[in-house]
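A short worksheet on the structure shown next.
The first chain written gets the first letter, and so on, giving A, B, C and D; residue counts start at 1 in each chain.
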């Protein structure tokens, strides 16, 4: 393929777009360090503990991967939907409904072995898809703003799950479901459940679908300019609906994998909580690129597992990790917006001219 | 369960539940009227709740706490304003960022403030003032006329906001910025300044809604005390048709369903209560389906305003 | 009559292009002075200089004989200059009165003084016969009343000189009469009016003097009494010797695309179609002439399947009546479409040039395996490179975003995409609007080449030169109706330009 | 002119340099990390070398889902740990791990296992299901690490554990707690209607309520009980609204809560309804005092952490034993009384308390009869 020669502005804008998340992360870590220092603790020791706690050895690495796995799914869910201009904030609800469907299917039908596993994953996908379809239909028919309907559906899903693990499949009265039978669980490879590999493969597959298929091409076109897409013969309403359904299915699969792959293999209070918003953040920082989302999700996993280690080693409140995560997103958002601003572009172009002129002078 | 005996308590829960949503929704009306959809209400309410609680506890004066909470709310919302108005960043994305950052700051502040001394954990509460005579009316008396001063102020704010948008010159300019910013610009209205003012007012009111949760509703601050009320406030603005009266009606309606949910939980103790807990959220969706058609709302709502686009 | 306004050799340069070149214009008190000129003759630039949106490169402006410098619209209002825009600057959700007093700072108190202002507005309304329902929401008002609100906004702020930019373009005949009465009562009170219009009939009836602009320069200023419509039309269009570079086809017979009595929102004069019938033959360019806003957009939308007509029939290339009105159906039936708005409708700005070039063909075997399962990026890239050479699209690389291209190059990308598929019918809507001479020339050649290859072309354009230059047959569209059909070989220019003006 | 431009672009952080700087700092952190891990592993060598029996110092860490100042579940655990530390000078406490999300529960335990903490305490049975793997790994790699999970019945809730050697649980005799509260409620209630709010529908919660109602009905059979077992632990407004409903519809005048922050809300409603006619029995810490006008007494639970520490010191800890806390070993007790409880009522309460201690006040089947009806 011919080397991509972009115009100077284009190339600089692309590089700025890649640089922004990295700078955002560094800035957030620096401010986090300042806060830790103000608390009288040694930030370097803290960050060392964070890295050691998450990547120190094989067991920790697998823990971090397993912690990042659901975030990859919800990140891909948000990224895929946003690519089509759909603000699906319902990743958490779709994730939870996926888990519920898997539990109902495996525990309800008393399935065992690989059949149970396969059916469980399938149930998760279908349930997630349906939970994504609802806001889609509301948007297509009534033009409802999907941001609010998806958030409300998150709460409905949370309480529905409560019904599942308290009243339907409760483990003799305890507020958690009976464990998934051993044979129906996701097998482990090198201490990490296969779900992680499934997530990474799905990420690469999503990249392929979005950037290398005509369906993905149309999804992107509708996301960037729905009017031009309509004029050029794309079925805009059908594509938007499909974006809802597929992003819901991805989150649903995430729920199924979390239940079938991670101890305690049960639905309980707090299953999937927080993964939705993290997914949205990951999609934004990864600028909607599925493969970048995998890395950002892994970094969030490091932040979570490492943050726990840092908290116990240097004794800072865990909210520090939350603040660092929040700062990363704010800087990334502000940075990306600033890069696009005409003023900044003009400034960058001026610098380029300066350099080009200098080159001429030297030549 | 005889509905009649439970009704006064449901109404009491209604008015209590409605106030924080009403305040946040009024703030959002200012913001959306100036064309800024602020998804970050949840975060601003969390900051208002924590700072209100902490400063109220430190100074011993709840009203100082409320003002501090409102000031903190404005600070956080200025971050939103800078990103969306000056940098023209995407409003949804910035709102989401605020929803993640602000509660984290509040939780971090709470850990520092309370530390391990549990005496700091529970704060005082604003006394509720019963208006003599009115509060004795059966059924609605206790609900509407036996409230904290902040609740009364919130309800009084509704006609004031209505009057502002109807009869104030600034009110007219506000509406024009949200509807057709270019037209407003040709008439000499400074669109960017107006949007910043909208963000300040939105920060003040939303944070006040959050502070109500810790100063009048419950004596403690917990992480996640806002419980989705920010998003419900967004929904009430839509089916309140972006008007002060509409928002009052919508938030009272939501408060009623919240009260009903608790009444059902209290009476039908053996039933699976989680379905009662779903009622307020399902109601919001259904209300949006009927009221929330996309035509309503300021025309230029949610679009960044590029001055150069003559 | 005393002099109200004098603009002395005003020039305005955008880069190397002179929008205005030493233009002189004077308006006396109590006079209606018309500014006449084709699209792009520099009228709106001159007016934007007058109301302070642009600063003149050279020249001076005098009000009541005193030199003034107008740095912003606000200063213009203070100098008593007010402009009624063609696209109204109104807030639909507010009442008439609210729109009028919006942003007005005469009262010191923060409260609106609605009663005082209402009295002042009603006094102006009576004096000039401006009938407005002040309490009705502007969104629900008739177009005529909305225009009167715009005029009141300017009068309320004490304007002595009013600029009316194409005011009659949006009015019904009855409303035009109402407007003229208002203008007469304004001039009777000593107000000056600059009237910008194309409609010869109205110019002759209402104006005292006319200044004709062509290509940014003042051709002549004449008194209406001493001239005729014909003379003004010639001055406006100039001695039009159309260099007939393109061979005209007169014998095209095979009907490719037929519209029979097609109506779409017939009640809306300037946004609808009423009983339009036209036939486009294979290997022929049918030009649709007419002033912007007379039904061109709905016609384009019907012919490209974006909207379904209220009544009437559309016959496709295969002779059968088209039932499903959707862009996909029309594209499958062999439609090529150069849409009216390049950015909004033609291109996906954030996608690369290569992607825009294959926008409609991602599922074809040429660019993907297994009907769209795997995009052949290399294939797409080399295809884009080829089209880039053939269509002289000037860009550093085909992987650049479409947004970063100039207008001309963007249009070339659209053209390359649409024509590569050898469409049976090509609809071109304002194809060269806002393009430089070179790009315009290139696009005209491509369209004619496509016609010679047997494609039926429907050219919709407000640029009269373009229609004359390209069309084998010309129809004139005025207020949603076909006024007449003329041959393209030796077009009766005078007759057509009058038909365009509504004769 | 070109001078200015040169200095301008030179001074400007060139983009390539910016990336290099970014990567460089990340690298430095990573190096520090390896250094860091070196240090912590070295510290673990030193402690494991000394023989485990008469170890000079011990470390204990507590992991909780809430915060230490929630006025209920986690604060009760924290104060029990404080009490145990006062009586065990050799023990040193690490910073408690608060706000532990369900997904991070296993990692939190693992971080303390890595630091060879002698005793890791998990507040509540949700940790029982999350720690199966951590306990299995720690059993062989870190023999010195012991786990104490509270409010968990090892026989039913830890079935998927490979080994229970390093684990013990604490199961207070909730029948006694319930009975004590029931006695106080039975004696204090005027309207013969009492209420109970539970955070989660656990078997232990059901036992508490059943004993509470059975004891109250022992004192006055006409007493009616209202209950809610799923109020969660954080939504105080729910506590307020629930209690208001019960006061209005069922004129409840005595409340007993087991839902941390939600109980705060309940007390708020009782106070609003009249502090001298409506009473609250707090749990699991003693908060009687002037800033709590409605609280008449508290049923205090001590999680027997001291006993666990003694067993670790003596080497007899582990094997999946369940330490039972009851009135004999101080696991369960009644806090001090507020001035609203008259002297003779206090005597009657103490008299009944002795009967409860002896197990003669209410029989098991009376309790299970109620429990079945829930």
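Operating definition for what follows: contacts are C-beta pairs under 8 Å (C-beta built on N, C-alpha and C of every residue); 3 or more make two chains touch, one makes a residue touch a chain.
As the structure is a computational prediction, the values presented were derived from the model and not from experiment.
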Given chain B and chain C, the chains that contact each of them: A
Between chain A and chain C, centroid-to-centroid distance (C-alpha), Å: 47
Computed distance of Cα centres, chain D from chain A, in Å: 33
Whole-Å gap separating chain A and chain B, where each centre is the average of the chain's CA atoms: 29
Residues of chain A touching at least two other chains: 162, 166, 317, 319
Residues of chain B engaged with two or more neighbouring chains: 107, 111, 274
Which pairs of chains touch, using the document's own definition: A-B, A-C, A-D, B-C, B-D
Touching residues on chain A, where the partner in the complex is chain C: 1-2, 4-7, 9-10, 212-215, 217-218, 220-221, 224-225, 227-235
Of all residues in chain D, those that touch chain A in their complex: 2, 5-6, 8-9, 12, 15, 18-19, 22, 25-26, 29-30, 32-37, 40, 61, 65, 94-95, 97-104, 106-108, 110-112, 114-115, 125-126, 129-130, 132-133, 137, 156-157, 160, 200-203, 206, 230
List of chain B residues in touch with chain D within their complex: 1-2, 5-6, 8-9, 12-13, 16-17, 107, 111, 114, 116-118, 120-122, 125, 128, 213, 217-220, 222-225, 227, 259, 262-263, 265-267, 269-270, 273-274
List of chain C residues in touch with chain B within their complex: 53, 73-74, 89-94, 98, 101-105, 107, 110-112, 114
Touching residues (chain side chain D, partner chain B) in the complex: 67-71, 75, 78, 98-99, 226-228, 230, 234-238, 240-242, 244-246, 248-249, 261, 264-265, 268, 272, 291, 374
